[in-house]
Amino acid sequence: MARVLLFGRFRDLAGWREREMEAATLFDLRTALTREDPDFGAALTGPGVQVAVDQTIMRGDVPLGPRSEVAFLPPMSGG
Amino acid sequence: MARVLLFGRFRDLAGWREREMEAATLFDLRTALTREDPDFGAALTGPGVQVAVDQTIMRGDVPLGPRSEVAFLPPMSGG
Amino acid sequence: MITLTEAPFDPGALLTEFSKGRTETGAIATFTGLARAEQGSTASLELEAYPGFTESEIGKIAAEAQERWSLHDLNILHRVGKIAPGDPIVFVATAAGHRRAAFEACDFLMDYLKSRAPFWKKEHGPEGARWVEPSAQDYADRERWG
Amino acid sequence: MITLTEAPFDPGALLTEFSKGRTETGAIATFTGLARAEQGSTASLELEAYPGFTESEIGKIAAEAQERWSLHDLNILHRVGKIAPGDPIVFVATAAGHRRAAFEACDFLMDYLKSRAPFWKKEHGPEGARWVEPSAQDYADRERWG
């Protein structure tokens, strides 16, 4: 089970901020999210969006462990 | 009688910081100071030295009134 | 030191602490960013961070500034949560031997914090709430540092 | 506000006061200059001003900065007399709508205060006292502002 965290406008868009989800890879997780909510899935691939796995920014696909923390980060706006 | 004020290294050089002196013009005042102490008189014409009469920087000769305040200012060093 | 806080803070108290007991520091620059009321158009500001990640990302840039300008010390404090107009949002202090280094490092850190640091900002106004993303000016300011 | 003072001061207390009750100011920059000990080579610093003239000359440059960067406010406080190592010598605070203006005005005022303002500085060290005049760097910094 990966812990999935949403920030900024993704929270408003998806209607949740944290969930546990079953996924072997980041690709699988994205697919599951997109199947559930295609608009939200599309937003996750928008310009400037980043993904952190265990608090490190990742590009491309990565395997997820049972305790992975996956965060979807909209463009950072600064303080 | 003009009130003559010295600042910075001029005080150490002349050995005084404030005096009353009789002088009709700034030129006369400089002449009297130079006659008294030629080294100090020369220092007053050094690079970057400014003269304020009644707290306004003056260039060249100016007449002095009976209550004029004349300040000899070595190059300003800032804070 | 890098701190996120939900509570209002006094930038002056931070500067008092930061400036104490320094004998070789010639220069301290600070910057305080305040929430503007924008003549009533912004009622309040809400800032979200990713605890842990946000501090560690700011820490990387702080280390870069420390090295680049040979800073003696730095302090960064950033509000999160709801912020009222007029309240301080961010405070940055830099200590260095000479003033150019202190100013430039402070300026550099602020450009980063305002445009690239992991915060998400929501403005609550009379016409509802909206998420704010970086302005073109923010990106341009950042470009100055290569 | 432009103040000369013989008494030690706390820059933090000045920033607390300066940052209060601002709803349209987005940015406050401050600079604090401290007397460096120079590893023991400078025991103390003595600063002389020309009371009245010094404040009025600083006031002219402050008015120029206020106009050039549309400042909401500024505060300048400068020590005179004997200053111990580690003590603050000068404090400048600028308030503006946005950070670039606050930073630039603060930087500009400091360049002026460090190189052209009517102060005369004497360093007292183990080998006696000497009058200090502006460095080439001080003149170069000043040239940046045209």
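Letters are used for the chains, namely A, B, C and D, taken in the order the chains are written, and counting of residues starts over at 1 for each.
Everything below uses one rule, namely that a contact is a pair of C-beta atoms (placed from the backbone, for glycine too) under 8 Å apart; a residue touches a chain by one contact, two chains touch by 3 or more.
Since we're looking at a predicted model, the values are computed, not measured.
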item	value
Chains touching both chain A and chain C	none
Separation of mean Cα positions, chain D and chain B [Å, integer]	27
Intercentroid distance (Cα basis), chain D paired with chain A, Å	49
Centre-to-centre distance between chain D and chain C (centres being mean Cα positions), rounded to whole Å	23
Centre-of-Cα separation between chain B and chain A, whole angstrom	76
Of all residues in chain B, the ones touching two or more other chains	none
Contacts with 2+ other chains: residues of chain D	33, 114
Every chain pair in contact, whichever chains are involved	A-C, B-D, C-D
Of chain A, residues touching chain C in the complex	5, 7-9, 12, 48, 52, 55, 71, 73-79
Complex contact set, residues of chain C against chain A	33, 47-48, 50, 52-53, 56, 78-79, 89-90, 112-122, 131-134, 138
Sites on chain D touched by chain C in the complex	10-19, 21-34, 36-39, 85-86, 88, 97, 99-100, 102-103, 106-107, 110, 114, 141
